[in-house]
Amino acid sequence: MELKKYKHKAQYYETDQMGVVHHSNYIRWFEESRVDLLEQIGFSYDKMEEAGIVSPVLAVTAEYILVTRFAEEVFIIPRISSFNGLKFTVSYEVRSAESNELKAAGESRHCFLDSSFKPVRLKKDFPDVYKLFMDMLNHEG
Amino acid sequence: MELKKYKHKAQYYETDQMGVVHHSNYIRWFEESRVDLLEQIGFSYDKMEEAGIVSPVLAVTAEYILVTRFAEEVFIIPRISSFNGLKFTVSYEVRSAESNELKAAGESRHCFLDSSFKPVRLKKDFPDVYKLFMDMLNHEG
Amino acid sequence: MELKKYKHKAQYYETDQMGVVHHSNYIRWFEESRVDLLEQIGFSYDKMEEAGIVSPVLAVTAEYILVTRFAEEVFIIPRISSFNGLKFTVSYEVRSAESNELKAAGESRHCFLDSSFKPVRLKKDFPDVYKLFMDMLNHEG
Amino acid sequence: MELKKYKHKAQYYETDQMGVVHHSNYIRWFEESRVDLLEQIGFSYDKMEEAGIVSPVLAVTAEYILVTRFAEEVFIIPRISSFNGLKFTVSYEVRSAESNELKAAGESRHCFLDSSFKPVRLKKDFPDVYKLFMDMLNHEG
């Protein structure tokens, strides 16, 4: 499966007075690329909602390597790096669209909950989605 | 009724690369002070929700007069400036907490909708809230 | 001059608990489309900066007509609607990328300042930029 | 040294369509409390700027334990948990102001740079600040 790279252009309102994108926005960029990945593999938010699943964030990490300036374009490259049927981890790289230099890297951890906030066992309840995630595991975008 | 002034301290993440608070944040500050006003007059969000009312924003305006810098404290002073039983307008002043200089002014317009997004006639359906708003009309904070 | 439409996909972090995009984000979308317009007409932020010009926001207005939901795509269509050599106004329409329905409309007013925050007279100091703005005036994107 | 607890009230614009505060905002709350801590110990942003020091974020982590709802009040409790003269780590707890329950925990790592983005050796260049940080190390707020 060929995934399309997710591109983001740094917005003026994302900068801070140090003249670079504020670090909190990378956490939002991770989300943008995660939503895009799930959509590309056929598990869009609409489908999740139909299935009555939510997937909250349990934890995030981010390392900041190079700053991003206003109007710069970056690729945010997500990858499902672990999955055990209950929880999954997405790893991210933020790279300059121009030079491909690594600007930031990070992870987010998630679980699946049903509408009453009970954990969902994908293998049993959503075997198709389970297979999707297994296929994506360590898939090189 | 004596209202307590709403104070906000400009956060680092609210600044942009011009070295001042980004203009979009004043719209958020208006909301902060509006929520605080409604809470102070006894019509908190919880009570609205219990009553099954939502109050979406129909329009906003803002004029920017003086910049606000990181760590500066401002008062945001809301005032219910019009109300006809169906819609209301809140007017805002953002003033330096130190010098009282006017930094920005603006307005937001709102209606009341029930849970099925039908307009609510406050006078008939929520006479207490109707009276509250009438009392607050042009109240000098 | 043929301008490319500016598209934005509503992000999860832009929603609020009413389940729609928070109204403050439209002000940011206006900025996104304004930056894009200025870039397309050859007056990017980099060029402004080189020329030692900043262009702060003097005022904004927004009217909210239809809500935007998470993952919806919208076009933000900016148009330079007034310009007198000292100040300019940009008018915006936010339209559903799917149905073309009008979701929001608004304006922002700006001036040009030099690096010491003195007003810049474009006609005299930057005749090329002056001509650009005159050409764009009421240009139908 | 007795430190005042840093309190934040969850704003409407901080919620997302899951009906709770969006996870990216906790990273901003960490910053709010860090700025407040540095100010309380006498090393405000103004003083840093005077001294020609910036202190960028090298990394952040956050674990999300309990959701925060609109209008809830939380304490964000920062603590300087490591410092070696070149880099420092701040650890955070976000706790319900009502119940004291732990909602989130995290860390941020920072260095000190001078105005030409060279690392600053606090002990040599700013012995007073060095002593401050050493005193604060593992100080129980």
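As written, the chains take the letters A, B, C and D, and residue 1 is the first residue of each chain.
Quick note on the criterion: contacts are C-beta pairs under 8 Å (C-beta built on N, C-alpha and C of every residue); 3 or more make two chains touch, one makes a residue touch a chain.
Since this is a predicted model, take the numbers as computed values, not measurements.
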| item | value |
| --- | --- |
| Shared chain contacts [subunit B and subunit D, defined touch] | A, C |
| From subunit A, the most remote chain by mean C-alpha position | B |
| Winner on C-beta contact pairs when A-C is weighed against B-C | B-C |
| Gap in Å, rounded to a whole number, between the CA centres of subunit B and subunit A | 35 |
| For subunit A paired with subunit C, centre-to-centre distance based on mean C-alpha positions, whole Å | 29 |
| Chain centre separation in whole Å, for subunit C relative to subunit B (CA means) | 25 |
| Residues of subunit D touching at least two other chains | 12-13, 18, 24, 28, 31, 70 |
| In the complex with subunit C, residue positions of subunit D that touch it | 12-13, 15-20, 22, 24, 70 |
| Subunit D-facing residues of subunit A, complex | 18, 23-25, 27-28, 31, 54, 56-64 |
| Subunit D contact footprint on subunit B (complex, rising order) | 11-13, 28, 31-32, 35, 39, 44-46, 70-71 |
